[in-house]
Amino acid sequence: MHEYEAGIIRTERRTQTGCIIELECGEIALKAAPGQFVQIRIGKGTNPFLRRTFSICGTFPENGMIRLMIDAVGLGTEILCSLKRGDRVNLVGPLGKGFDPNLGGNGTAVLVAGGIGAAPLLFLAETILLSGKSPVTFLMGGKTKNHLSIIEGLVGEDVMVMEATDDGSRGYHGMVTTLLDEQIRKLSPRSLFVCGPNPMMKAAAEIARSAGVPCQVSLEERMACGIGACLGCAVRMNDGSMVRSCVDGPVFNADEVAW
Amino acid sequence: MNDINLSQNIFGLEFKNPVMAASGTFGNGGEFSEFYDVARLGGFVTKAVTPEPRTGNPPPRIIETPSGMLNSIGLQNEGLDSFISKVIPRISGLDTVVMVNVAGSTVNDYRTVCARLDSFCEISAYEINISCPNVKKGGIAFGSFPESAFDLIKELRKETQKPLIVKLSPAVTDITEIARAVESAGADGVSLINTIPGMAINVDTRRPMLANVTGGLSGPAIRPVAVRMVYQTAKSVSIPVIGMGGIFSARDALEFIIAGASLVQTGCGMFVKPGLPLEVIAGIREYLIRYGYHSLNEITGSLRIMED
Amino acid sequence: MNDINLSQNIFGLEFKNPVMAASGTFGNGGEFSEFYDVARLGGFVTKAVTPEPRTGNPPPRIIETPSGMLNSIGLQNEGLDSFISKVIPRISGLDTVVMVNVAGSTVNDYRTVCARLDSFCEISAYEINISCPNVKKGGIAFGSFPESAFDLIKELRKETQKPLIVKLSPAVTDITEIARAVESAGADGVSLINTIPGMAINVDTRRPMLANVTGGLSGPAIRPVAVRMVYQTAKSVSIPVIGMGGIFSARDALEFIIAGASLVQTGCGMFVKPGLPLEVIAGIREYLIRYGYHSLNEITGSLRIMED
Amino acid sequence: MHEYEAGIIRTERRTQTGCIIELECGEIALKAAPGQFVQIRIGKGTNPFLRRTFSICGTFPENGMIRLMIDAVGLGTEILCSLKRGDRVNLVGPLGKGFDPNLGGNGTAVLVAGGIGAAPLLFLAETILLSGKSPVTFLMGGKTKNHLSIIEGLVGEDVMVMEATDDGSRGYHGMVTTLLDEQIRKLSPRSLFVCGPNPMMKAAAEIARSAGVPCQVSLEERMACGIGACLGCAVRMNDGSMVRSCVDGPVFNADEVAW
């Protein structure tokens, strides 16, 4: 983990609030694993103050580039999404403990994304596919079909994608976890990898538990230092212990989390 | 540049420079060593140590606020035994001053920590935390009144020969009164400020942003309050003052030094700039050179006030 | 939208909405009328009035700080006579609540202002300023201790039938103690917070940024402290609470209301957004509609806390 | 005075830290007088917090445009100087009481600028020239010749320019007020108009007083509200009164100021 001044290579607005930012950062591109994240400083002032946390959505070691996928939900993310090619940002990474791509041994890996939660799962899908041994199914949920377009063209051809929208404007009409619940027997996954809002991950974890499928989730706990020094990102585990989401996670085995 | 003297000799300790890392924001030193050699700092203060392990407050524990943040960690720590068996071996041999931040619910808790750690030469001094706003018992309760602060420090003074630095709370009517009380109880120094109690509300859920409801405000937002309190306290006691609260650049640190702080601590600013202490050390050096000073003491407490 | 009721009936007064402009940040209403009709506000508080004219503190009097500012105006005002002859005629006929911020060095000063203004129906209420950090005598001295606050309000209570709102200082160990003291002395309400004493230093000149050395910190930086104090105070007294400190959007104002404030005041945020009070009024209305409420009282003090 | 969202039409970096920004704001272009100022909000956060104050450097009513001249000395001005064509800023103006172009009746108006203090004086020079009745001499001081280039090409052809640099790299070697002192008899101005750092204005005021020439200065007092509501910008007058720089000034008769 290091601090970098990274130049922005490309930005792309993909949905009303969602964008992709590609940054020049060769070291992170080489070192990062799926589920790890970066922390970005916004501007030079003190408001925004803390760094903002983003999963790494893809790495391109050959170009020394990493990709982030950002939903503009507040001041910090709005400023980030308005940056242009050539602007520079200060970032720290790669941080945290990522997914175990081999979780559950052989068989299909099922990735379940809620909205912007797709970011780390796209990287994971790519990694699993590259390893060559395991098929990947990608369940993508969003509010409307417009929200789904955040991942358009970013999922490998070999990945089977199943979509769900809250309003039924594309794919399954309903929550992506309901879709998962209906399909899990048919899919018979070796493991589930989930990222999205916490209630959605909780629901997915419960489905995994009932089905007896190993499941990893990437928690969205607010962070301050991002490196384990402040204990601000604590998450309670089933054994009563408090662990740090930034270094002991953000990816956890679902059955260890005290939901 | 070699004739610039950044060192400070206070509390019978030698600080190679006046910049320390503040308690609770620097782990126990290890985390930041991925960025640089922490021995380049003047020193650091450990996360609060209590006799027993504590799991701290439930999450969420932090929220950003304008130019600052609230935290309600609540003294999460592995307890004294684990501190001795795991942390002390890791800091032993580190060529910098390590102070232990001591906390507890009762006088006895504080006494236990000071007594048990007294034989460890790795620990140079204690920072007595009577200002934690995030626990139900102890903490800020001791720091809110001169009498209770005096009594606690008086007791601890019997327990240890190590320097006792008392970490003061800003949430009082007159911080200099508390500072004078602990000075007369035998404290070797005071450090200030701890966080200011605050809260934030999620108006959509109508719930507090922190599970603990309130938390402590830190960061640049509170710097003007901290500088004022350091200035007033340094004028009012004769023991050294360690200044902190919202330091985010060398110039910020210089405000504290000119106001009268012998040492400064960087806190949550390091979450944003991990290299902040080094930036501050370098900036203080440059400042001394630019204005033709040779040592820190020439500017400590040198605020120029028109007489009225 | 017409069935949304933003009005508040408190102190025997009718506020058309809960948003006022804070003392010292709104002149005496005239300046902002270039931007909009100030009668659209729930009300405003005048700049502090003292019996005699005061020139205030020497300049510089303000400096920006992270997400806030320090001021040391020092109660500059033209005095009671001029207030009566010049200001009152200008505010007469304004269809909104006008409160006079009353200040002084002695109990008698406060008494004089209240007594002289008592016959003017243009003045709906007094906001008794016992929290100004920028004067050598009076001001914050009255607000720092429950006894002195009680005595002052007890005296003023004899002087006037108009509502007495007491403006509290945040620079105390326990603000609820002061609030309870003035409540028992007969205050009709409390308003909080005034600015937090602070200072900033120009490290190049080694002089304070403000000629007065210290000033009062306001702005978004202090909002978490203000929300916390409003929450604690509203739980601890049964008279209405007016909340302020760092409001910069409707959501900020809603934090105060959910914490227990019956009215809110916008202060230095209006220097940056002149239309802030209108933005807040509109935002509160939208919020009520979005969540299906019909009146403000449904959300006042409605913070949801898990029981422990 | 009003609040506007103004689009940036053109920005130009003129010195290492100095730039010109031209903004679309027809109403201010029509109404503004030399010596008046605008207050600009920087960004959408709270750091920078207060608006920043800038003299109006020129107006172009036919294009609905105003010109500002900005020296990047801190966070706010740095952000402003990095803005580009098409960006928008929120500004309030025109504010304050400007110069009296007719001060001192007939004869040469002498304008004395220290660095970025040239901004309101360029507008004043233009206004006096347009009125057609009075010659203008412009004394421009700066640290080095590079600093002088901030006004290059912005002074009307009919204006006589005299330059001074602290290091002697162009024009008179010394302070612009020393140059003024040496030349004031020869120039025999009807009036002096001065803008620059406060010590320089104080010196100029003293020279004007000795020479018996009416003099107006534009003070640089820090401001909060900018509209007279906060009393933050108070300046002491010789009669002991405190006046507000933002509405009673920023331009004052030099002999009324308690220096």
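Letters A, B, C and D mark the chains as written, and numbering starts fresh at 1 in each.
Heads up, the rule we're going with is that a residue touches a chain if its C-beta (ideal position, glycine included) is under 8 Å from a C-beta of that chain, and two chains touch if they have at least 3 such contacts.
These numbers come from a predicted model, not from an experiment.
Centroid distances from chain D, each centroid being the mean of CA atoms, peak for A. More inter-chain C-beta contacts link the pair A-B than the other of A-B and A-C.
Averaged Cα coordinates give chain A a centre that lies 52 Å from the centre of chain D. Separating the centre of chain C from that of chain D, both taken as means of CA atoms, is a distance of 36 Å.
Separating the CA-averaged centres of chain A and chain C is a span of 46 Å.
Shared interface positions of chain C, i.e. residues touching 2 or more other chains, are given as 66-68, 219-221, 248. Within chain A, residues 45-48 each touch two or more of the remaining chains. Taken as a contact graph, with one node per protein chain and an edge wherever two chains touch, the assembly is complete, since every chain touches every other chain.
Of all the residues in chain D, the ones that touch chain C in their complex are 1-3, 41, 45-51, 92, 221-236, 240-242. Listing the residues of chain B that touch chain A in their complex gives 24-27, 31-32, 34-35, 47, 55-56, 58-64, 66-69, 71, 73, 76, 219-221, 248, 268, 270-275. Within the complex, the chain B residues that touch chain D are 66-67, 220.
Every residue of chain A that touches chain D in the complex is listed here, in rising order: 43-48, 75, 78. Within the complex, the chain A residues that touch chain C are 45-47.
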